[in-house]
Structures are given as structure tokens and as C-alpha cells.
């Protein structure tokens, strides 16, 4: 037979979202963990998956959520965005999980988004990203642009940088991030002297680095993701570029990635909210637990910390709502500020845009592949995914974007 | 149309400087079994290759009024020129019947190609009979013996209804009786078609050739009836050799059998 | 010999009942949707069976044609969702630019459907004509088509504003006027995909039993020899190649509403090889093998990939090795082998498939 | 020298040879119609197929499980049916291939080039481009370079011009005279029997006749084969 | 001038790496007809070998020279293992080797992902490769020069091996007709194993070079395999000099395209270039014709 046609009713979502099948009657609650355990992104996402397991174990040891133990269902996104979509649907409709945690690339998040929206599920996303998004069904525990990229640009301006070269992987996050960087650079009076993209799965940056060397920028802004970073750093060093003369600031090289690049990366910068070297009350405990955790890589990093936050944030939300129901959780988020004493400090959830406040930090990589913090924001930065507080971001573009998002 | 002849004039084939065929002329007519002989490397196979479009040649090869040279292989076949290969080549994975059916398909419309085969064509049954393969229609061609494959190739030419049959050493590897059977088959076929045979078996040639062309180093050395050619001292020197003696012995055998 | 086709036809009937009637009754929405996805791969696989199994053309780049159908469909659905506006993802990269020219015609449903059928025919026709006339074959052909798939995937990845790039196209709300979220409509989409699979099976069934089918096998085994029977093997191969491309395109087109997203990864090297994997597993030259193999691989990926993600690559890898090594004619050759083993030992052995391939690689 | 006794063999499930015993002798001719199993028997002798039953002995030693190249190392040489050569290698390379590692390799090659002048002429041409007869000459030359004790020839004169056929026939007689054994499949019955010490006739994989060679045998064999 | 010299030199180095990756294939594919899709994973094995060598020999000046032969042997042994267990059964079905080795590649990748840190491991460049050579105002990285030298040495060694020993002939004879080769006294099994060992070993050497350029991780091989095959095909199967020219041409083309357009588009353009070339010359740069009907 035929179902609804366009215009039949408030066509689109909502109408058909079937009643949730989440079972809250037992003494466990099912959660879904969704990460690429195979394929190209396994390189980065395995750790996120592991730290989610650690957080679940901690919470269970502590009595669980609303006195229910977490029973997690691990799924493999396999670095394939349709698989992310399929697994999300499976977790929501077959396994009936109360919420899903994971993802890394913005592409994977964009694949998950329509599915969680359709089934009115919950997705907790732990990685810094390009912003310009907010979904009632997604909570973002990584940085949006004004918490990572804008601080980085402010730092560069403070350093007196006049020319900047943009190097990124060829996909949605670097492309969008660079679009924003260009807008802000114009405002700051920093000249963009070049922009290069290489596919995510390609390592050879020689040709592009030759262009960088020729352009002689004051700084390189690096939005490369994954192992392609290694090729970039090696080509950079081969070409005779040095942190002393042409430093790099990265937004995707953390404690996990740095060792794989060898000594070449030492002296360059990264912008993150969390560093292993952060001195907070909660960080030492987090590092200690992680080091003791089986399969642990031995170092902590921003994305894994954000993933760690995501599970605790969910616990806080559910407990504030007194229910696992999605609408109740969303209502609780709006009702009063939810906070969590995270390793990066006490973060607060913005119930409207589903992002959290974060401190901005710039670190410089030392010989131990740890980061010496060279700059910190004076306070926690409130999340502003649509950059509404920034007048250099054109209002008409913002409107286009919100309109297109529907 | 049946009396159209194959006329080859000044055919030349060169391979990066090496002249394999250097201006060969001969003709072949329906009703005769034309033999093309000559030493190894004389250019016999190359002539056939050129006529059938497998290698590029210059000069002319006409079937009736139609020039063959310069056309693609399959177009030449469609004009009625068929050949066999020095090393038999059939479709190993298809059965004998399927091999023949494909050969017969040449004159079918492309739409009928999309229909399934029903029954066995008359022409195919006939060809099976003639070539002694009647017992093997369902045998995969790949497991036929050397000689059986050669018969299958001839059968394919028959169902293809080729007007010109160019046969490259069709009886190589056959036993004496099989050669006789094949030769008789060729004689029957030749009644209505042009048959050109390349062979080194002189015994076979003597028994079945109506006319012979001898090639040597890419040129025509001699041309005529079997007796004329055999008597040519040049032919004896470069090709038949002291086999003059052997010839008489072989002749004796033939005569003996014909008693 | 002559009876067998009708048995196969009965098999297709059983298959149709299972897919169209039984599956919707017994499967959950999730698994029915997944089965729909496998059907899309199976449609492409049936085409690969024709081109590779029967025609000997190892088409390692069916992703290209899968992409043509998929992206045609996805562009239409994206525009249908966006209405008068420029699609959301485009705004992200260049907010004020208009819709790219080549998107415009895809607003029309008729044009889109025509493109899904016409694009692969034209592209495969031109490509095949060029390759086959130049007698590109064997390993060259395989690697070349694979390279094309890689090139297209990279091209799409690198044109993010025009095509959605690596992230792909997703978030479709309507399917030719039907609301995609409605379960009844989703069932309808599934049934269309399953029905198309049956139609494709019927088409190759007729191909295989026709004289063309025999000619195709002959061309596979001794291409040059076919010339001397008065056929142009290029044309024979071209027909099979175009038909297989068309099937891939149809599979791709249905993939989009069922899965809800299309990305370059679904058409690149790995995806194209996975399509081949199903065909090899099931049996490249058989009628049902490719479709069943594709469904089996798809199912394996969904279920084993879930329960044992670290192990799935090993299983898939071993599957390739074991099947190709021991069962070159796929799982569908098992019954025949079994039967042969029990019959009296005088039947000819199953001939080896690839006698001709050897020549191709060598020459 | 080579003993083949009670051999059963075939391809896959198809049995081709049934209890075939080949008489021993210096030169042994194997005769029979197309498809009788002659080639199969020779392939078995050189080791390309393995018997399912029967004895395969060479110089008193069981070689049934020996790979062909090992048999060649022990002094067997094989000229297959159908003018086979390594098409991608030049004529000279085809010869060097077998001469490699032999003392006097160069001299052995030269001897064959003298025997077959066409090979000398086309020494640098790829063997795949040679004419059929030239390739056959090449195949025989390759076999002779190995200075075999036993020469296995499958229709060696097929496709060869009469003058060279005579030369090959002469060579075979000469080799036999030098004490080299020959296992010969030949359709040219007259010659085969003249050269052979013993012969065997195969029909559909069964031995139908064996006997002493010599031209006298010709008519009995012809009669036997004209079924 | 700078606009020409930089892409030319960069491209030559890229071509050299491509050549190293393709060299082993020109043996196993070009000479033996085996389509080894796991070749990229053998390259990965070479890279991981370099890492392991560095764990033992910490003097970084020495580790790479030691790693080269080690990687050759280790990858070669993996190749040998593959030959002995699987490929040996497949010589009569060359297109099927493609599928089998895809499976092998999957397994090797997953094993590497599980054995080594998922982020990959660092391979340190020796200090003597630091620095640049200034050519016409362009400072050319020493490492690129090293890649070119390494490729040159490998090509020279391989062609000498094929030309001046009887192996070359034997390999070609074996590929052309196994039965015939066997019956002319060639130990085809021995030849198969040796060829596969050397071909895979060369991939290992390429892996060491690659580890100095990009990441050493489970995914690294995948990016080389298709371009390497294209290079072998474009050069003419079994034609070493064709492979060399094709690799260089593709490398330089990539660099120029990358210079004029973007890194992604350069990939596409280079692929299309090779595909069009193969369309024009389907048998590659250099060809051998035979009279046999394929």
C-alpha cells in the first residue's frame, strides 16, 4: 500500500517516529557505542571506543545510571558512513539502546544525524568539529569552532602572525573550518597565502609542502586528520621548514598522534581544550585510570577526554531528568545547567545548542610528545556553533545555513 | 556467385623490415582443391593470415568483385571466407554442438541471438555426420583429441557455409586412414566451394590436389598440377629434396592401396 | 540439457516469493531494510555475473556505474528535500553561490529516471566501445576499470560543494513525492528493489539460455577465434558490459532511498571489490550465485561485522581465499560437485574456467 | 630403459589409458588413431600426468612420482605435440634456456643450429613469431641439446617440410645408432616402423597390437588400424 | 623557473617511490602473471620491519641501511609463504589471483592494526638525510634524492639479475608455458618461489622508503597498490624499462597537476592520464607481439 505523500501532513520527521522501544524495566540500561574499529579511521577511533568502555566500567562500579548498570552494545562503523547510518538504526530499533556514543569524522556524524532525528534517539559526539550545526538529538562534547579554531586564530594574532597557509584533508571539517578561518583572518588582518587539500587516505604531501615553502608563510594552520598528518609533518621537515621559522598549529594532532610522527613534530603547536599536561583536580585521576586500563595507549588526549565526558554528561542528564526518555532528557538539559567535573575542568552544558563550555588551550609539542601549554583562554568559552556572537561572520550566510538546515 | 574465384595479386606482407610474403599471386576456383606448399617459413600461413585480415598485407585479394584486404576480420568472414588454424583452436568450454551452433549463427539476425536454441539445425547435423563427430555433440570441445579438434574446425566452416575454406595443415597429426577420410571430405566440399589447403604431407597432396602453388621465401616458386610441380627441379631442391626417392616409395604405397 | 532452464525459472519464482512475500512478513523493519540494501548489491552482482562469469570481463570498477545511478537518484532526492532552496551542504562551503548547472535537470523526476537508465548505457557504451575495439582485456581491463572507480571516488571527494564530497549526500525526506520516513513507503521502496532484482534475474536467465549466452562464453574463452566466425567480439562484449553497467546503476539508484546516504566510499576500490566478492562467493557463472553471494556478503558484513568487528576482516579475507582456491565456481557449484562425486566416474571433469585468461595475461 | 607396465591414467575422472604396457626396446613406436591416447601416454612418460595404476621405471628405478624436470635431469627429453616453444623468448634464448648450466653448452647449441639452418637465421627473433615448422625444429633442437639418454617424440615431423623431415628421420636413426633410446609417436607409419625395434598400437586407450618393428610390419599394422 | 623545477624534482622523487612500489609487481605481475593485490601489504610489512629494526638499532644513522635488507628478506619471506600456500595453485587462473590476494591483503591489514598501535608507529629519518640540496634556487630535500638513488639501485640490480643470469629466461619460460618449461628441465616450482620472494622483497624495500615519507600503519599499503599496477600496465607488462619510464612520468605528472590544481584533483587527473594512455596503447609503452591467438 501507499504511505504518506509529501504535503499530507507536517511532512518530514516527527509524525512517524515510532514509540521508543527502550526497555527501562530491568536493572540494566542498554547504551550503544559506535566507532570505526576497522578501516582507515580505526587508527583514531579505537581509543575513543576504549575510553568509552572505561567510563562505562567506572560508572557501573559506582552504581550505574539511575541505579541501572550500563550494558553496552559495541558497533563498528568501519570507516564507512552508510554503515554508521545502518548501525545507528540497528542500535535504536533492534537493540533499543537509550543513547549512542561515538563517531569521529564530521562525515560520520552527518550520516548518523538523520537517523537519530528520525527515530528520536540520542547521539553523543566527542570530537572537535566545524560547528554550524545543532540537532535536538545530538550532544556535542568536542569543541565547536569558537572553542578551538577561533582561540587558535586569536593566539596567532597575538603572536603577530601576518601570513598564514591553510593545509587540510579534503572533507567537510577542514573545508568548512578553513572557510571560517578565512573570514576571521580577514578581520584580524592575517593574509591567507595559500590553501591545500589532500584526500584523507593519502600520505604524500611533498608537492603541497613545496608550495608552502615557496609561499613562506609566518604560520601554517593544519586541519589535516588521521595518518595523513604524518606525511605532512615529514614532508614539512624534509623541505627544511622548522618550527622556529614556519611553525604549524594543528587542530587534530594530540598526544595519541604525535608519537607516530617521530621527532619532526617537536616544537609545533596544537589547539585543544584538553591536554594530558593540564593541571586540574580531576586530570591526574583520569590519567592514572586510563594508564591502568587494559588496552590503554598510555596517553590521554582531547577526543578521548571528550568521549569520557560524554558518558558522564549523559549520566548527569538522565539523573536530572529522572528518566531515560529522550524528550525528558532534552527538557532537563534546558531546565537547569548540567555540569560535569571533567578532566579539562568543570564543563557546563548549553541546553539550547547541546554543546558544552570548554577552556581554550594552545600547547607546544615537547620532545616527550607531550604539550607545554603556552596559552590559555581566561575563562571557559561558551559554545557558539553558529558564531552568533561574532560580527565578522556574515548574517546572511548564517541565515542561509539555518534555513538550509530546515 | 558460386563461380566467384579467389584471386590474389601481388600480395606482400612485411614485419618490421622482414619480408615474409613478397609479392605472391595465385588464384583458386570453386571445384578444385588448391594446395599451397613450400618450405617452413615460406609464408604460407602468412598468406592466409593476410587474406583473412589477421595481419596487414598490401596488394590485392579479391573474392569475385570484392576486395578483402583492409577489411576487419569479422567482415571478411561475413563475405564467406573461413579458415582453420595451424594449431587447432575451438571453444574449449562449449560442447561440440554449441561450437557448431555459434559458427552457424553468422547469418542469424541479432534479435534471434537473444532467443534460446531449439533443436539442431539441419546443416549442423550434416556437418556432424560428414566429419565423423556425430557421436560427440555433447562433448566439451576442450577434451577432444588433436585430430578431432581439427575436424570440428572443418565442421564449423561447413555450417558457417563458407564459400572459401582456407585450411592450414588440416591433416597434421592424423593417421593414414583419417587423412584419407579428410581428403575425401575436402573433395566433396570442393564441388561447390573454393578450398585452399596448406600441407606438408606430400602423399596427401598427390592424392587430393588438383592444382598446386609452391611458395619459397615469400615468393611463388612454381605453380601447376601435382606432376608439373613435382617435376620442377627447383621445387625438388628447396622442398621435396631427396624425397624424390621417398616419393616413388610413397606412390607405390598409394597404388598398392588403391588396388 | 534443455530442461534445466525451466528448473531455473522455477528457482526464480521461489526466490521471488521469498523476497516479495515471506521476507516482509518475517523480518523486522531493520533487517528488511538491510535486505533491501543487499538486494541493491545483488542487482549489481547479477550484472557482474553476466560480464565476468559469462563474458570473462573482470569488471573491478562497477562502482562507477553504481555511482551513476546512485548519484542521479541522490541528487534528485536532495533537490526534492531542499525544495526551492539550494541544498544545505552547498551553503556550508559557498553560501551564496547558486545551484551548479548540472544539478538543475535532476529536479525532474522523469529526467532522473531517464538518467539512471541512460547514463550507464552511454558511459559504459562509450567506454566499452573504446576499450573493446582497442582489445583491452584481461588484467589490463580489470585494473583499468578499478582505476576508473578510484578516480571517480577521488573526484567526488574533491568536489565537495558540487557533490557533497567524502561526506556524501544524505538526509533525504521524500522519494518521488512519498515521505521516506513512513514505514509503508519504506516497505514500498524495499519491494521495488526486490522486484527489480527478480527482473534482472529473469533478464540474465534469458541471456544465458539464448544463443547470445553461448556466444558470450565463446568470446570469453577464445575471443580472437570468434572473429573468424564472423562476429565482432567487441560488440558481443559491449552488450554484456552495458547490460551489467545498467544493472549496477539500477542497484545504485535503489541503494539511495533504502540506505539514505551515498558516499564515494560506496563506489571506490574497496566497494567495487566487495561486489566482486559476493559474485565469486556465490559462483560467477551461475544464475543465482552472484545474487545469493552478494546477499550473503552483505549479511555477513552487517551481522558478523557487529558481533565480531575485529574478526570480520579475517573472515572476509579467508572467504576470498578459500572460495577462490577450492571453489572457483563458487558455492553454487557445490551441489554439482557433490552429485558428480556420487555419479559413476566417467563424466568429464568440470573444465577449468580460465584457460583464456592465461593467454590474456601473457600476451 | 623406460618401462611402462599396466598403466592406467587419464584426466580428472576421464580414464584415457587402460592397462597399457609398452614393450621395451631401443626405439619404440606408439601408433594409433586420433584420440587413441598416444599423447597421453607420452605425457605420462615425461611426468606431466601421473598414472593411477602401473609401473613407471627408468633405468631400473621407480620414477612414478618424479617431477618432469627431475626426469629431464636424469636424461629424458620430450618434444611435445604441436610445435610448442616459449613464444616470448627469442630462438636463441629458447636454446640457451636448456643449455644453461651444461658444460659445452655453446657447442651443443651450435651443433643444433648447424642441423637446422632456419634457427640460425632467426636466432634473435621471438619464437612466437616463427612459422609452425620453424617452431617444431626449435622444439627438437631444444630436446637434443640436453643430450638425452631417452628421447620422447610426439609426432616430431608434423608440419615440417619434406627435406627436413628426411633430416629428422635420419637424425632419429642416427641417435638410435648411438645408443640413445627413442619413444616415438608418429603417423608416418612407414618410417616409424622402419626405425622402431618394437611398436605398440593403441585404440581408445587399449593396446590392440604389439610387435617387432621393421618394414615388414607395416601391412599388419595398417590392417590393424583400418577398423 | 621555480614553477617548473620544484614539481619536476618533487615529481621525480614521487615517481621513484612509485617505481619502488611497482618494481616487485613488474616481476610478480609482469613476469609471472600473478595479480598480487597484497603487494601493498608487503610494502607495509617492509615499513614495519624498518620500525622494528629501529627498536633494536637505536643509532638512527645506521638503522635505515640495516632496515633495507631486513625489510627485503622479511617481506620476501611473507611473499614466499603466500606463494607456497596459495599462489602455487593458481598459476592457471591469473585473474583469480587478484581476488585471493585481496583476501590476503585484508587479513594482513587487520593483523597489523591489532599488533601495532592503531595510530601507527614512527620511523625516524636518519640525520644524514636531513637537509636540502639547492638546485636552481630550489632546495630539494635530501630524502627525495635518497628515494631516487634507492630506486635506481634496485632497478639496476633487478635488470642485471634478469639479464645476466639465466633466471630471467627461466622466469619468462615458466610463465609462458609451465608444462613445457617443466619438461625442458626447469624446476618451475623453484623459479616460482624465487621470483615471488624477490618481487615481494622489493615491496619491502619500497616500504622502507615509504616509511620515511608517510605514516607507518595498517592502511599505508592501500594507497600504493592501484597506482603501482597502473604504472606496470602503462609501461607494458613485463617491460622493466617501460615501468621505469611510466613511473617517472606518472610521478612528474602528479607533481605538476598538484602544483597547478589541488592534491585531490591531481590524483584524478593522473589516473585519467594513465587510463587514456592505456586506451591509446592498450599493451603499454613497450609491447611484445606473438602470432598466437589469445
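The chains carry the letters A, B, C, D and E, assigned in the order they are written, with residues numbered from 1 in each.
Going forward, a residue touches a chain if its C-beta (ideal position, glycine included) is under 8 Å from a C-beta of that chain, and two chains touch if they have at least 3 such contacts.
The structure presented is a predicted model; accordingly, all values stated were derived computationally and were not measured.
**Student:** Once you count every C-beta pair in contact for both, which comes out on top, C-E or D-E?
**Tutor:** Of C-E and D-E, more C-beta pairs in contact link C-E.
**Student:** Farthest chain from subunit D, comparing Cα centres?
**Tutor:** A
**Student:** Which whole number of Å gives the spacing of the CA centres of subunit B and subunit C?
**Tutor:** That gives a centre separation of 45 Å.
**Student:** Cα centroid separation between subunit A and subunit B, in whole Å?
**Tutor:** Centre-to-centre distance between subunit A and subunit B: 76 Å.
**Student:** Could you put a whole-Å number on the gap between the CA centroids of subunit C and subunit D?
**Tutor:** 51
**Student:** Please set out, as single numbers or ranges, the residues of subunit C touching at least two other chains.
**Tutor:** Within subunit C, residues 154, 157-158, 222, 225, 310, 313, 348, 353, 355, 362 contact more than one other chain.
**Student:** Give me the residues of subunit B that touch two or more other chains.
**Tutor:** Residues 87, 89, 143 of subunit B touch two or more partner chains.
**Student:** Which subunit D residues sit where two or more other chains touch them?
**Tutor:** Touching at least two other chains: 11, 14, 88, 129.
**Student:** Contact residues on subunit B for subunit D in the complex?
**Tutor:** Interface residues on subunit B, with respect to subunit D: 15, 38-42, 44-46, 86-87, 143-148, 169, 172-179, 200, 202, 238-243, 246, 249-250, 253.
**Student:** Could you please specify the touching residues of subunit D with respect to subunit E in the complex?
**Tutor:** 46-48, 67-69, 72-73, 78, 80, 84-89, 93-94, 96-98, 100-101, 126, 128-129, 142-143, 146
**Student:** Could you please specify the touching residues of subunit D with respect to subunit B in the complex?
**Tutor:** Spelled out, the residues of subunit D in touch with subunit B are 11, 14, 31-36, 39, 81-83, 118, 122, 129-134, 136-137, 155, 158-166, 187, 189-190, 222, 225-226.
**Student:** In the complex formed with subunit E, which residues of subunit C make contact?
**Tutor:** By the definition above, subunit C touches subunit E via 58, 60, 130-131, 134-140, 142-144, 146-148, 150-151, 154-155, 157-158, 222-225, 269, 273, 276-277, 280, 310, 313-314, 316-321, 324-325, 328, 352-363.
**Student:** Going by the contact rule at the top, pick out the subunit A residues touching subunit C in the complex.
**Tutor:** Contact set of subunit A toward subunit C: 1-6, 8, 11-13, 15-18, 37-38, 74-76, 78-83, 85-87, 89-90, 93-94, 106-107, 110-111, 113-115, 118, 132, 170-172, 175-176, 179, 197, 199-200, 394, 396-397, 400-401, 403-406.
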